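Heads up, the next two complexes both have chain A, just with different partners, chain B and then chain C.
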Partner chain A sequence: MTSFAGKILCIDLTTGVSETRSVPEAVYEAVLAGKGLAAWYLYAHIPAGADPLGPENILCFAAGALCGSGSFLTGRWTVACKSPLTGGWGDANCGGLFAPAIKQCGYDAIFVSGVSEKPVYLFCDGRKVEVRDAAPYWGLDATEAENALHRDLDPVCRKKPCVACIGQAGEKLSLISGICNEGGRIAARSGVGAVMGSKRLKAVVLAGTKPMGCADPEAVKALSRELGRKLLKMTMPSGLGVFLGVGGRMMGHLPYLPLDGSLTSLMFKEWGTQGNTSLAITSGDGPIKNWGGTPRDVRLMDMVYNPEHINRIEMAKYHCYSCPLGCGGKLNIRGRQHVTFDDTHKPEYETIQAFGALVLNKSRDSIYEINELLNRAGMDTISAGNTVAWAVECYEKGILTREQTDGLELTWGNTEAILTLVHKMIDREGFGDALADGVKQASEKFGGTEYAMHVGGQEPGMHDARNDPQLGVHYVAEPAPGKHTVGMGIQYGAMSLCDICSWAPPAKLHSKKDDIEDTETMALVSKANACYTMLTDGAGGCYYGQMMGVHMWKLVDYLNAAEGWSYDGDHYMEVGERIQTLRQLFNVKQGYDPAAVALPRRMAGDPPLSDGPLKGITLRNREQVSAHWKAFGWDERTGVPLPETVARLGIPELLSLEGS
Partner chain B sequence: MKKRPKFDYLYCVSCGICAQACPVSALGMAKEGKAGKYRNLFPEPVKEGCIGCGLCAKACPMGAIEMEDYEDDPR
Partner chain C sequence: MIRVKVFPPYGCDRSALDERSWMEVEEGSTVWDVLKIIRLSPLKAKLLLMSVNGERASPSQKLKDGDVIGFIAPVSGG
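Up next is the complex of A and B:
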């Protein structure tokens, strides 16, 4: 027995017909599960030119290969579809408990096609699959809907169900909406919430109790025990967060140092992702003032967003399924200024930066409120923050008038106005209606396209490519552009991929200027990063497991033990390469032009900044992207995978396999 | 003789694998406590109805759960 369920659930909401299909073993061996399984199925079943918000689009909920095997940091679930935001491949992932819930229903993935006439939710307990009326839940925010479903279903289910649902943003087809679980965790990117909303699917509710398999459970548990014992001992003295801003200033001027993965583990355990905020503000990693500012514009803001402030109000850490690290947390925010909720999930770094330094907002309390509002509405905080920052800059520059902003004084750092605008975006009210579809659409309507920070239609994560040019390669070359999670130079330096992959260059101490070059070595670094991330996604792994490095989080050993295989790292990196190439082929099939995607001029350093750690930096992104494509065996000018690459990866044979 | 899980919280990493393995959701991540200096949630019975199946103990990678025998309180 392997850790694959071996089956997928396919349901057509137009007809209400569902069927269970077996997946050939060769598919799992080629692309694992998670994002790989999604790419295999969606490539074959979404017709070219399908309307992302129409019945032909298919929404996939997939668990990773290792989920449920006893492995650690493998509880991520992937949602994938054709993205309404970019017109190409779309995906997002999230933690919580939903991934094992898919497997406990007896499936590796659930594929939803068609459009329902009325709001519905999908219920499955491993024995029956039902499309049920969701009228009582439509209109509720994601947390309210989840709570209401628990209230109604917990008493009649043997096992407490897991719920993934949309909030108001998805219902109102906001192109920057996501899908939520566990009271405001969110698979946020690519506009996946709008696709779910377009199908009038409010929620997927899973209450299965089937056992999850594993080829060698004792070997998998031994790997987990080794990692768990290390992490149990890791503790950082409290209060060190006050030095992060100073550390960031130093990092901004130092050459790149390969990091030990245990350092990232320590930081995530101590603070979670918000530990990056002070570092990012002062080092040049975090965008400031709509990507046009420098640390001089946000003096002392690193102290406002010092993670120790947030740790003080943390009630308890929050762990996703199978995670011994616990980077999440629940915060007590009752009674704070601007705050209307009692508690919230600890805001991620991305949220804090997007509604902090990006818009020059110095109110930490307002970020708690915005975090909870957007998590409940199911709206992506990265995209929303970039869009609000664009609106503020356009208002300051006179492109937007007060009349157009419904009377809002959208000046830099105006907390009240920003909060009101967030409400308007969620409700699609007045000026907020146009902004609810992201910055590309808003700028095409109002002007100010030069200040609209998006890559191929999707707003970039809160990490500046001028600080980490490798990130700029992935922002552009990734089949779902604008995502910050595919690879970074700093991440590569912590992973030690050269120890599992024969062609991955070793991470070395080097000048930041070297990262701008379009050398073969840099192209192999970006390729290795992308392949390992795809492998991680196929396994259902967490990116913070990745960042621990291959010597702590032993993904190759986990896969061999869980599936009964004995492959080496090179084999698994080819699995990642295959998944990435399949996603790019999906884009080509859908008419998405990879060569038309580019970094916003501002982020490419055109013109360069005249101050701060990123002073004078201009990227050679197009050249680096071409080198990256060439390393993948894709056409270096068009980004289209070459026939010999497709054949080498066995993709035609893979696509000829059908679920039965 | 019935069986129920007994937890060694010293080795628990709060991963939640045991609670999710429970087929009747009798186990939950609800016990507040500390792992070193960190405030965490740990597994504990959250409702009546443990069937003594041992799936939680079998699933725990850290070996922090044992199934112990017990008898119903005669009262």
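Up next is the complex of A and C:
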């Protein structure tokens, strides 16, 4: 027995017909599960030119290969579809308990096609699959809907169901909406919430109790025991957060070092991702003032967003399924200024930066409110923050008038106006209506396209490519552009991929300027990064496990133990390469032009900043992207995978395999 | 001889490391022996939360083949 369920559930909401299909073992060997399984199925079944918000688009919910095997840091679930935001491949992923819930229903993935006439939710408990009326839940925010579904279903289910649902943003087809679970934890990117809303699918409710398998449970347990023991012992003296701003200032001026990735877990354990904020503000990693500012514009803001402040109001930490790290937390925010809720999830770094330094907002309390509002609405905080920052800059520059903003004084750092605008975006009211579809659409309507920070239609994550040019390569070359989770130079230095992969260049001490070069070595670094991330996604792994390095989180050993295989790292990196190439082929099939995707000039340092840690930096992004494509065996001018690469990866044979 | 992987902080001597950050030391060597080679004081190593295989370590800890010696450094992500 392996850790694969061996089956997928396919359901057509137009007809209400569902079907369970077996997946050939060769598919799992080629692409694992999670994002790989999604790519295999969606490439074959979404017709070219399909309307992302029409019945032909297919929404996939997938668990990773290792989910349920006893491995650690492998509880992520993936949503994939054709993205309405970019017109190409779209995906997002999230933690919580939904991934094992898919497997406990007996499936590796659920594929939803068609469009329902009325709002529905999908219920599955491993014995029956039902499309049920969602009228009582439509119109509720994601947390309210989840609570209402629990209220109605918990008493009649054998186990407490897991719910993934959309909030108002997805219902209203906001192109920057996502899908939530666990009270507003969100698979946010690519506009996956709008696709779910277009199908009038409010929620997927899973209550299965089937056992999850593993080829060698003892070997997997031994790996997890070793990792868990180390993580348990890892503690940091408390209060170190106050030094992070200073650390960032140093980091901004030092060359890059190969790092012991295992120690990154200290940061995530102690603070969660919000521990990055102070560091990012001062180092040049975090974008400031709509990507046009410098740390001088946000003096002392690293102290406002010092992670110790946020830890002080943390009521409890929480962990995703199979995670010993526990980077999540719940905050008590009752009675704070601007705040209408009692509690919220600890905001992620991305949210804090997007509604903090990016818009020069110094109110930490307002971030808690925005965090909870957007989590409940199911709207991507990265995209929303970039869009608000564009609006503020356009208002300051006179491109937007007060009449157009419905009377809002959208100046830098105007907390009240920003909060009101967030409400308007969620409700699609007035000026907020256009902004609810992201910055590309808003700027095409109102002007100011030069201030609209998006890559191929999707707003970038809160990490500046001028600080880490490798990130800029992935922002552009990634089949779902604008994502910050595919690779970074600094993370590459922490992972030691050269110790599992014969062709991955060793990380070296080097200056930031070296990272701008379009050398073959840099291209192999970005390729290795992308391949390992795809492998991680196929396994359902967490990027923070990945960041700990291959000596700590032993993904290759986990996969061999859980599936009964004995492959080496090179084999698994090729699995990642295959997944990435398949996703790019999806783009090509859908008419997405990779060569038309570029960094906004400002993000590429054209013109360069005249101050701060990023002073004078101009990227050579197009050249680096071409080198990256070439390293992948894709056409270096067009980004289209070459026939010999497609053949080498066995993709025609893979696509000829059909589920039965 | 045994091989250990070392991630020295900025400013240390890296000349004994190969391009993948591995170095050879005598069997029975301790962390202190490695600190001497990379020219890092035990006090600095302690402040930088020196670890072996992800676990906090003291200079007197004996090393075995394949051990990974690291020090905390700021890294962005999230």
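Going forward, the second predicted complex is superposed on the first by the 660 of 660 C-alpha atoms of A that agree within 3 Å, B and C clash if a C-alpha of one lies under 4 Å from a C-alpha of the other, contacts with A are read in each partner's own complex, and residues count from 1 in each chain.
Note that contacts are C-beta pairs under 8 Å (C-beta built on N, C-alpha and C of every residue); 3 or more make two chains touch, one makes a residue touch a chain.
If you're wondering where the values come from, they're calculated on a predicted model, not measured in any experiment.
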Chain B versus chain C, judged by how many residues of chain A each one touches: C
Chain B versus chain C as contact partner of A:Ala316, first or second or both or neither: first
Which of chain B and chain C A:Ser224 touches, first, second, both or neither: first
Touching partner for A:Gly326 - first (chain B), second (chain C), both, neither: first
Partner chain(s) touched by A:Lys630 [first = chain B, second = chain C, both, neither]: neither
Partner chain in contact with A:Lys7 - chain B first, chain C second, else both or neither: neither
Touching partner for A:Ala494 - first (chain B), second (chain C), both, neither: second
Residues of chain A contacting chain B in one complex and chain C in the other: 231
Chain A - residues contacting chain C, complex: 230-231, 233-234, 236, 244, 247-248, 250-251, 254-255, 257-268, 272-276, 279-280, 283, 285, 348-350, 463, 468, 488, 490-491, 494, 496, 498-499, 506-509, 543-544, 547-549, 551-552
Footprint of chain A on chain C - complex, ascending: 5, 7, 9-10, 14, 19-21, 49, 51, 53-56, 68-78
Parts of chain B lying in touch with chain A, wherever the complex brings them together: 11, 13-17, 20, 22-25, 29, 32, 35-41, 55, 59, 61-63
Residues of chain A touching chain B in the complex: 70-72, 97, 100-101, 104, 158-160, 209, 211, 220-221, 224-225, 228-229, 231-232, 235, 238, 269, 314-324, 326
